[in-house]
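Shared between the two complexes below is subunit A, which pairs with subunit B and subunit C, respectively.
Let's look at the complex of A and B:
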């Protein structure tokens, strides 16, 4: 083995080494390819070979069906695993350093825990819990530890004491008018929220980062045109656009995600562009260019990672906007009524607010905490990932 | 005699200055304007000069970080020795003409160390990977082999193999500069360009890094282009020195000769700026007034004449040199209307009495270091006339009177290179008539 006799830099015969190694794939990319390939095949199979009413996994006897949105969600999860989680494991020193910095912000740690619950709940919940069933007879059950006047629910599942119906652990957060369990619906809503969070982030980050770096490196009139295009994107009335699409095609959750994220990357692209420009002036970029790295290698290896880590904050703060927008549209009644999102649940409960407030309050509080958590997380990530920014402000 | 590793011939780097709606080119900043030097194998050449004189631009043009505007950079490393000039005048080893493959090879032959250790490492890449990146770029795909080489190298520069996985923020400036040295060394180059490698470090660390550079140079037979503004550092590490002023090399020669027998007035001025440990010695015998002129519009003739303390007096004139320098400064200031008589008056009035005209005259003379009477009667008359005009408020005519009468040959002719000793050349008009340097095309 070559490493046996302690290798020395001045004993390397460079003519021996071919250049093929320049295009070596990292373990992350190999893993990504290996996992994304079956997913793509399954996606193609699901859309092209099974009917719209046939479940995707019918061929192995499962009733689970996957929509195209689910495929995209799984794809973004794979991306997050191979390019976010795995690198953190591969570079334990850096991870420990980030964690040390991050930990100093206690609200952010709590937020991370809460988002972890939402994430795991959204992933696992729908697999182990049956979807909420319409049971008109047990509508308006109160949450556990609370009680309502006996006449509110059609039948009271729990005890009736002194003319008041008490909540039970069977429906810890009560039920809706139709008798659907609110807790189950909130768990199913977590999936929707996580889908919105992951997919929009992926779309915005991909377009924003590539557009921004391309613009910065192209320079000249290409840069000028690209940045004016960003101005158009930023000044575009996305909501009106969405209404238009809604009236022409009807708008599902997928359409909402696509339309809103396709008009949300302007700020990211602009930020990435200016960040790339300032990074490319740094001496380590010069050092990398002198090493013989191609422009692509320099951008991929140094400019993008440094620029991207500084937009994580911005992306984290973008997600609450999407979640709120979805909830608002649902509340206005122009959301996707087929998906069990928190917004839909709030909207369903608004007419019963006077006598069954839990239908609105439970998902509302969950939504509120989730958005708050994203905001705290964004702040803490800014401090943890950009120690220089903090050092400058001190 | 050893072989020449690097020959730079008439290298120029001009930055266009664009203005207006259509980006019209309105001029150029001539950061490097025709420099030539050679570096032998195993030799250290120092490049010294004030900030803004084009040292760093010269470095990045030589290493081809920036495309030079004109000139040749002939690199004879990587086993390319012995190449001769092609019949059409081009050189096969000219870096500016290299294709992609040759350029990759050149990257293995010449590397660079930067000034600022804190920004020369990617904060998100461990130092081991930062050093190993070069091996990877040049085709070494075996991760374990890269790691073995880098760990060995880290130990050679005085760190430990365990530092491989640490990140730049975990190191001090001196340690980072050691890692920078490892990064420059890892491809086993023949030439290392060090752009002010120690100026960001404190003095005790400076000495450590310099001795490390010296050791490594001896062990691996490296050639160095060492850029600095610090003459004492230059003296410590260099074999030869090139002194740069405003994009040109004004003097080049062996380090001992330059330090003991400087020929160019600028070199003298730089040397006199070195502080001596003797507390009784007067610091800085020669004071250079003003700043380096802008490279967009360099002075005519000898570029140093606007600040030179040995600026030549025209034929038939022989006055005190300080008076002459003062007169030239006075002429230039009046020419751009920067002598404010009212200000001078106020300054004197500050001491109590209403100043008379003669007091103002004396004050202006004092300000420009001109003695009370200039030795030459003709010149004294002109000066008095100009002072009178100035006090009357007619600075325009004062300017023309002065510029008609006071001229120096330095502003009219560009100096040629003159040879003082083998390998010791300078470009100063005072040495004209001595043996002119022979043109030295690099085809050996």
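Let's look at the complex of A and C:
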């Protein structure tokens, strides 16, 4: 096997590494700008020039409508692509190393696969599948390979053998009371879950990182005030505050995302602050300072990358909490009833639990596996991205 | 800074935090239209009266026409003197409704807390002692399972299996049974089990990872060399240092779960406790009661965090008071 030609010191293009001008953007930033600009224009067009009931793409004859939440979701997807997926492709050597480390944790690989399915399903599913339709006649169809007494569904889509109605591939996970296909509803719920995951993560990371570095570099009494503010944020009972806001103003999914992410960045800010304080004592920071690096360059080039592994882990472990909170609110029936989330489906099937358990079981198990997958992923990412943590634990 | 000054500062800080939360609550409330006023206006309009006049009368009745700062000071005074007003939907003072509900909440949350606090570290340390054996894997699997399964979903499933199919437990909670009776134990067993599985996972993981560090510490080797029995060695030399970092996360996690999950579990098992009270107040649009229950939970959270910090400093003499 031919050994890989590793990057040699004298071959490094130093001009490429030390970009000096502020307007000298990397390919990632250029790509981000080029894609985010049309999106912003479209967003402005959609909110300012078309009526609330006209679809966004009506001018090219499409029925597809985008809400402000969708625009934000696409924006975070672009961010993830240009600053997460593309850098991994640009640095194949590091990517291979991360993958090698990551692969050792088998449950995490399975989890990544599962989350990939949820991600792709959430993105593509609603585009290729029709929204679930109310069809009262075919309510309570059992899932495929199972059967129920044929008096449970009004009409049985599949075969009726010995007075038992069998499930069909037409409705692989059965149907609800109103005859909506459970599988389709779960796929639509994936979109909601992915929106929650991506948007909250972006908000938490942005606020947490800026607040933490600002606090560390401001120092003195500003630092003290900012950190006490973080204390308050951390001790705020978010779930209850959201209930209160919901009670007073009423709240949809957008409000849920904003409130929960605005109260979740405390831990990230605290961590980034302590990391920047400890790292600014290191020799290599002093060296780069002497060579004339600005504070921004130090933060961008040294502090954030050094803290990245822990931040990513922290964010991965935050997401299941958000998903759970959304499901809980939807289950209580005080969330946004227009949003077809998994919790909504669980609460819809609760009264039929004794004779049609699949309506509750299917979304519940999907939710369980998603939360589990995020937990495994967070654990594995910590090991893969941060070799120091492993060294410490041994 | 001495210990006394640290405690004073910390208590003052807790008071400031609670004041800020109460203030935010007040601002949220005063910025929104009051549902009671709207109801009065709607009723007047339905009966052919003047909705604006009725709304004005309702505002006057509730003192909403006074300037903001007067209402604010009234509000603060009432909150801290525990004058939490009258609950319209239950026709009783809010304070009374809260204490009544607390009676039922305590019945399941006290056994739940005790079980988590005792079993969590024990299983965690046991798991670390048998690291990478099947016992450890089983415990880890259980921890992840309990952590990841949504409490309300787990509750529904268990209720279906044991309540509807097997008929071992009553489907609806009976309030009449005495606290210390077999009947009460049976009907609370499943809610407590659900809550314990939800909270024990995190405790187990933290104590397992923390105690793994102390397994091969020098003082453990010394203890073993001296011939200290394994039980004593683990109890004295591993358990105690493990409990210190654990105590920092324990209270916070239990509180977070208490606030969120107790509401769901009470709704699922129809226990007439605090969570259910909050839920019903929300549905009935009973502002005073919603406020009372949320403030109660908030105060529990603030006081819990305070106690956690104080206990932590007492337990661990290595902490300096200057950089909390």
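Observations on the model:
By definition in this document, the second predicted complex is superposed on the first by the 372 of 394 C-alpha atoms of A that agree within 3 Å, B and C clash if a C-alpha of one lies under 4 Å from a C-alpha of the other, contacts with A are read in each partner's own complex, and residues count from 1 in each chain.
One rule holds for everything that comes next: a residue touches a chain if its C-beta (ideal position, glycine included) is under 8 Å from a C-beta of that chain, and two chains touch if they have at least 3 such contacts.
This one's a predicted model, so the numbers in the text were calculated from it and none came from an experiment.
Once the two complexes are laid over each other on the shared chain, residue contacts for A:249 go to subunit C alone; subunit B is not touched.
Once the two complexes are laid over each other on the shared chain, residue contacts for A:284 go to subunit B alone; subunit C is not touched.
In the superposition on chain A, no contact is made by A:127 with either subunit B or subunit C. Legend: residue contacts after superposition of the two complexes on their common chain; A:357 is shown touching subunit C, with no touch to subunit B. Within the superposed three-chain model, A:309 lies in touch with subunit B and out of touch with subunit C [touch as defined at top].
In the superposition on chain A, no residue of subunit A contacts both subunit B and subunit C. Residues of subunit A that touch subunit B in their complex: 2-3, 6-10, 12, 14, 17-22, 24, 91, 93-94, 97, 282-284, 286-293, 297, 301-302, 305-306, 309, 387-388. On the subunit C side of its complex with subunit A, the touching residues are 13, 17, 20-21, 24-25, 28-29, 31-32, 144-145, 147-150, 152-153, 156-157, 160, 164, 209, 212-213, 259-260, 263-264, 267, 278-279, 282-283, 285, 287, 290-291, 294, 297-298, 301-302, 305. Listed in rising order, the residues of subunit A touching subunit C in the complex are 228, 231-232, 235-237, 239-241, 243-249, 320, 324-325, 327-328, 331-332, 334, 346, 350, 353-354, 357, 360-361, 364, 367-369, 371-372, 375-376, 393.
The touching residues of subunit B, counted against subunit A in their complex, run 60, 63, 65, 103-104, 107-108, 111-112, 114-116, 119-126, 130, 133-142, 144-145, 148-149, 152-153, 165-167, 169, 180, 183, 185-188, 220.
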